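By written order: A, B, C, D, E and F. Residues from 1 in each chain.
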Amino acid sequence: MLETVAPARWAEPWDNPGLQIGSPNQEIKKIFSSLDPTLKALMSASKAHAQVLFTHHPLIFKPLSRFRTDAFPGNVITEAARRGIAIVAAHTNLDAAPGGINDILAGLLGLTNVEVLKAVDAAEGAGLGRIGNLPDPASLPSVAKTVRKILGTADIRAVGERDRLIRRLAVVGGSGGSLVSLACEKGADLLLTGDVGHHVALEAEASGIALIDGGHFHSEKTAFKVFAKNLETLLRSKGWEIQIETDEGEVDPLWVCNG
Amino acid sequence: MLETVAPARWAEPWDNPGLQIGSPNQEIKKIFSSLDPTLKALMSASKAHAQVLFTHHPLIFKPLSRFRTDAFPGNVITEAARRGIAIVAAHTNLDAAPGGINDILAGLLGLTNVEVLKAVDAAEGAGLGRIGNLPDPASLPSVAKTVRKILGTADIRAVGERDRLIRRLAVVGGSGGSLVSLACEKGADLLLTGDVGHHVALEAEASGIALIDGGHFHSEKTAFKVFAKNLETLLRSKGWEIQIETDEGEVDPLWVCNG
Amino acid sequence: MLETVAPARWAEPWDNPGLQIGSPNQEIKKIFSSLDPTLKALMSASKAHAQVLFTHHPLIFKPLSRFRTDAFPGNVITEAARRGIAIVAAHTNLDAAPGGINDILAGLLGLTNVEVLKAVDAAEGAGLGRIGNLPDPASLPSVAKTVRKILGTADIRAVGERDRLIRRLAVVGGSGGSLVSLACEKGADLLLTGDVGHHVALEAEASGIALIDGGHFHSEKTAFKVFAKNLETLLRSKGWEIQIETDEGEVDPLWVCNG
Amino acid sequence: MLETVAPARWAEPWDNPGLQIGSPNQEIKKIFSSLDPTLKALMSASKAHAQVLFTHHPLIFKPLSRFRTDAFPGNVITEAARRGIAIVAAHTNLDAAPGGINDILAGLLGLTNVEVLKAVDAAEGAGLGRIGNLPDPASLPSVAKTVRKILGTADIRAVGERDRLIRRLAVVGGSGGSLVSLACEKGADLLLTGDVGHHVALEAEASGIALIDGGHFHSEKTAFKVFAKNLETLLRSKGWEIQIETDEGEVDPLWVCNG
Amino acid sequence: MLETVAPARWAEPWDNPGLQIGSPNQEIKKIFSSLDPTLKALMSASKAHAQVLFTHHPLIFKPLSRFRTDAFPGNVITEAARRGIAIVAAHTNLDAAPGGINDILAGLLGLTNVEVLKAVDAAEGAGLGRIGNLPDPASLPSVAKTVRKILGTADIRAVGERDRLIRRLAVVGGSGGSLVSLACEKGADLLLTGDVGHHVALEAEASGIALIDGGHFHSEKTAFKVFAKNLETLLRSKGWEIQIETDEGEVDPLWVCNG
Amino acid sequence: MLETVAPARWAEPWDNPGLQIGSPNQEIKKIFSSLDPTLKALMSASKAHAQVLFTHHPLIFKPLSRFRTDAFPGNVITEAARRGIAIVAAHTNLDAAPGGINDILAGLLGLTNVEVLKAVDAAEGAGLGRIGNLPDPASLPSVAKTVRKILGTADIRAVGERDRLIRRLAVVGGSGGSLVSLACEKGADLLLTGDVGHHVALEAEASGIALIDGGHFHSEKTAFKVFAKNLETLLRSKGWEIQIETDEGEVDPLWVCNG
């Protein structure tokens, strides 16, 4: 089913989406949906009596030739095997998909004239990031305020002049610093993404584009929750009685520590 | 312990010896020893109440980025996780080790003046294959008869002239076809190994060295059994009360079908 | 001519088919056909007064930057130069060709509904291996008996349960162990090939497909003889008066040594 | 001179330290020192009548085969050429050097029993990061408070449990996320660095080590200022009358936008 | 404009044509055209009050990560920056272009039935070298005499028999030794090019094709002058009032020293 | 024997020195010595009743996987096989050897204080090129005159100012353009080599070093003749009665064509 909504061929070459552990023949009544396949998420899925843990990030980034059952990711694999829970991920393929992470973020921001930022499959409208116009041009701090509200982020960081007027905005959920120059070329006044480091910030400053770092976790978690709801509705419309429960206990591992 | 007997640094670069799945902190009372980490071997280890399945061949040759619980090797991983059995392998490092697979084979054949065929760690006498003199020079069919008896092979194949007298013999347990030219250079009249294919046979014929294919399975299984016994004795001598049980139900997957 | 029947573009990337030594302008009255370009085969070709030694396996697998006239393959090159005999090979391109090695094997086995196992040039029906239905379903030992008769092999080895019923059979002349999983996916109950090693046997067992090792030499020699006959007929039908003589003195370098 | 304090051979393989543009024969009276070779920094150096702009980050990370005079870094190269200002960088070689960025940070934090985290040149005590004991064990928020004071950061982020007691601390100025597992192995309770992204945060959480993101800019700028002072003193002690002026107008391109 | 006449996609993969230094927005009234972007050429361009130095060879062959202002090519970059002169190159793309270097040489030699020697873009008639028939067959020394006259070379070297009659001639401006075998296959009696080394000369001798080394500098300079004139005419026909002045002071760095 | 004078380990990585075709066990009475293993040289060796053709350049530069008996180098291989003549080469290993090509050239030029230009085996004094002082400083044309006399070249080309005084000279027999910058660093006023192309000439001009192109053929042939004489003497001193005859009919394939 997922393969229809976000085919694996839309994933980046380094990515590892799809079935991480499990059998394609497993019967499914309940899916538990977390951003990350942590041990805590797996235990929550087990408590929720789910047969599948559905995550955004893959369990295995670097192929394994051995694994310890007492350390990540071997401990998650062991518990998944013991409890008979399959783990399935939809990562950059879901970022790229129409109706995926970035389309959802563009919708939450109310963007108009939305286009794909970097095409992956032009014919089907799939690609990394989206770019569109804000409903009303606004200053950088004003856009930041809106973002903080939508994403529920405690703390926003920005690059660029405070009084700059933002008309056209590019958005890349997660970690989109490598798309700064493309966003600039495509006429964006601002790129909203997460995990913005020093060299990306300097590059943006030199290129004359503003940045908002809305957080890797919050930008994706917010959109992934919406996607899970949409997927459940889609499954039901096809006659599959599958419940999707969102992991409400998952929190950003990075917390602001200004006390 | 195993790391002392056959250090991982003696393994070939493509190999994956050592802990396949499990925790270094697991308590061990019983080890079950099979040539291959098949599902059948794991189930036998479980029935034998072993905490460790000790094999010659690694479970994972090619690093995995996902695995199905209903297909090899995911099914073995799943059952090992469920049953709390660790899997540990000693492969080309054990082939190379002094007292390892090839030293044991040289001993069973009664070779004298034994040297390492291809040095891996010259200082410590580790290397692939062994080469030595037969107790008494013998014809190719006569050597084949001896090999069949020692290895318990149903069926022996050979390359070379039938009446050739064999004085010096090289032995490589498992699959040693790539060492034909080296064995020849070092003065061997015969190379005893397994998995001999057509192009290796032609190469031997052109180089003027005889070959005996004693079977990949039988050459290694015979020596691995001896090694397991020796290891048990060594462990006890160090005060470790660990029992090592050999998998007696394991058979060559290739069977002669001349009916 | 050969280029029409089995174009070099159908060869595997590592292969070296075509003219090994000689001049394209050489006049040809007689071709001597051997499976392997050994010194013995070249001498037989010379005795037969052939201008061309036509072989299945190439003379040079690994490009040479120097060669000794007293060792293979330099000795064959030297004698070919001295005697003015060209050497031409048709290897994986002939395996893949319609009417090539694998099509001939499929015909000898009486397979029906024959398809290419792994397409090389789908438009022209070229590819590695063939897959088709046995005239009548039969048990593994019964198929082995038939194979022994057709290929003239002394000794057959098999993988799989003895009482398994074989309906659909894949065949790859020579060394086809790397196609086990493909044969399995395409629904074969059995793969008939040669040079089956231990790890291929285990893979087949884990995948639930049976194997018959009919010998690299016998599977190819049998088919290559038929091909040489067919080629002679084809050449004559085009008005070329060229005789093709098969090397009847060529034997399997691997012989069963159970005495 | 710089080559003595922080030899280029201590730099990481991807780095490009040393002379970026200029002539080794240029006479030097005044050096202007900025963290980054931005156009603004170059203009400030020019206003300060410096002959050299000394920076931490190199001007050219990716080798250039052409450059536009109206875009970074071509605009900086053009203005440096026009104004006769050389640009010299000391980057990962300075991070690694004894008395370099990380040694200075360890000193500012009052660490004791300081060791190199990842050796680059063991004989000379050079290496990436430092690890040492806090003067007094403290909770994570308490350490964060100290860091905020020392680095002058507006906003600190952390990973790990709030009440965790920190005894041993690893510090890597700039972007040190790739050293999480090494810091963990070496027994650090906390790694202080900058540019901490989501996946590094998860890795730290899974490994049981705390993190403080003190900012790439602030961690390096603070230490680089101290280094410039020390370098000036060293130069004078050798009889070189060279003034080093620190760029006080340089600010973090990333600003907290919580308005 | 240049991009229309000789698009960069026709350049060889290792080449670096186009803007070397400068801004695409620079206003242009005068172009100074030299074969090589030497410091002398740049100074001449400056004296001629040109805004652009247009060269055949690129300024930067190997990407730079640093450059000295007192050594090539840093000194040229520095002076170009100081004087506000852009440098633009058209190299192998111009060699390949219809109406480019090799088409001009073919025209100067009066060749008929001219074809591309090695296609780069078959659809648009672009490719390396040209091949065509001489107006009248002539001996090698007679052709050499003509070439000396057309190119203004002091000294011609040749490979091949003196009395060989030349009918079909291949021409590759600059350094075309790698095209000897192709010229041979395409039926050329002679290849006219520059920079002919010993091994290329031997290869030509063994292949039975004659060579004339007309000089790398002279073969390209002669044609580049004609191209510059043609380009000026083309620009004017499009309404661009841009003057192109040829560098008449540029001489071959290699001079005959037979005194 | 040759292996003692110029061990193969001193050859450049791309080179192929040593036995090209033949058997190490061949009895040798006469060696015929040519610069290049052409068909003409082989025929001359045959006429001279030599058992070995000893050349500077290898027969096979690029490893062969097939060869035509009617084209180079297959025709040379065929004739060598037919006539039982071995071919042996000493190329860059001989360039590097003490007493090799470059040492001989340095001697012929009367250089003093001779050092290796680029060390290959510092301990044994082997390396590419030599550098030393002229007996008397001289102008570029005056040095060129001397070179023409020593090498017997018809035609010398040079790079650099005519009135430049040459004190220290680097010499690289054959094709030494890649050593321009090293010769410059080591303080040479002039590099004498062959096969000087346009870009090497420009590089020398920009670096301020003069060049003399004395011809690839003539620089090596002159020295190789001397080496063959020395080798013959050495062999006799060791009691080997082997005659070495120099190929006097070998000429430069490149001839000056100024008629």
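As a working rule, a residue touches a chain if its C-beta (ideal position, glycine included) is under 8 Å from a C-beta of that chain, and two chains touch if they have at least 3 such contacts.
Nothing here was measured: the structure is a model prediction, and the numbers come from that model.
Touch-path distance (fewest steps) from chain B to chain E is 3. Traced through touching neighbours, the fewest hops from chain A to chain F number 3.
Residues touching across the chain A-chain D interface largely coincide between the two copies, over half of the numbers being common to both.
By residue number, over half of the touching pairs seen at A-D are also found at B-C, the match among D-E, C-F or B-C.
Each chain's centre was taken as the mean of its CA atoms, and the one lying most distant from chain C is D. Each chain gets a centre from the mean of its Cα atoms; for chain A and chain B, those two points are 48 Å apart.
Distance between chain centres (mean CA atoms), chain E to chain F: 31 Å. Distance between chain C and chain E, defined via averaged C-alpha coordinates, is recorded as 53 Å. Touching two or more other chains at once is no residue of chain A.
Viewed as a network of touching protein chains, the structure reduces to one closed ring of chains, two contacts apiece. Remark: ring traversal beginning at chain C, heading first to chain F, gives the chain order C, F, E, D, A, B. Those residues of chain E whose C-beta lies close enough to touch chain D in the complex are 16, 18-25, 58, 60, 62-70, 74, 77-78, 81-82, 86. On the chain D side of its complex with chain A, the touching residues are 36, 38-39, 57, 71-72, 140-141, 144-145, 148, 155-159, 174-175, 194-199, 201-202, 204-207, 211-213, 216-217, 252-259.
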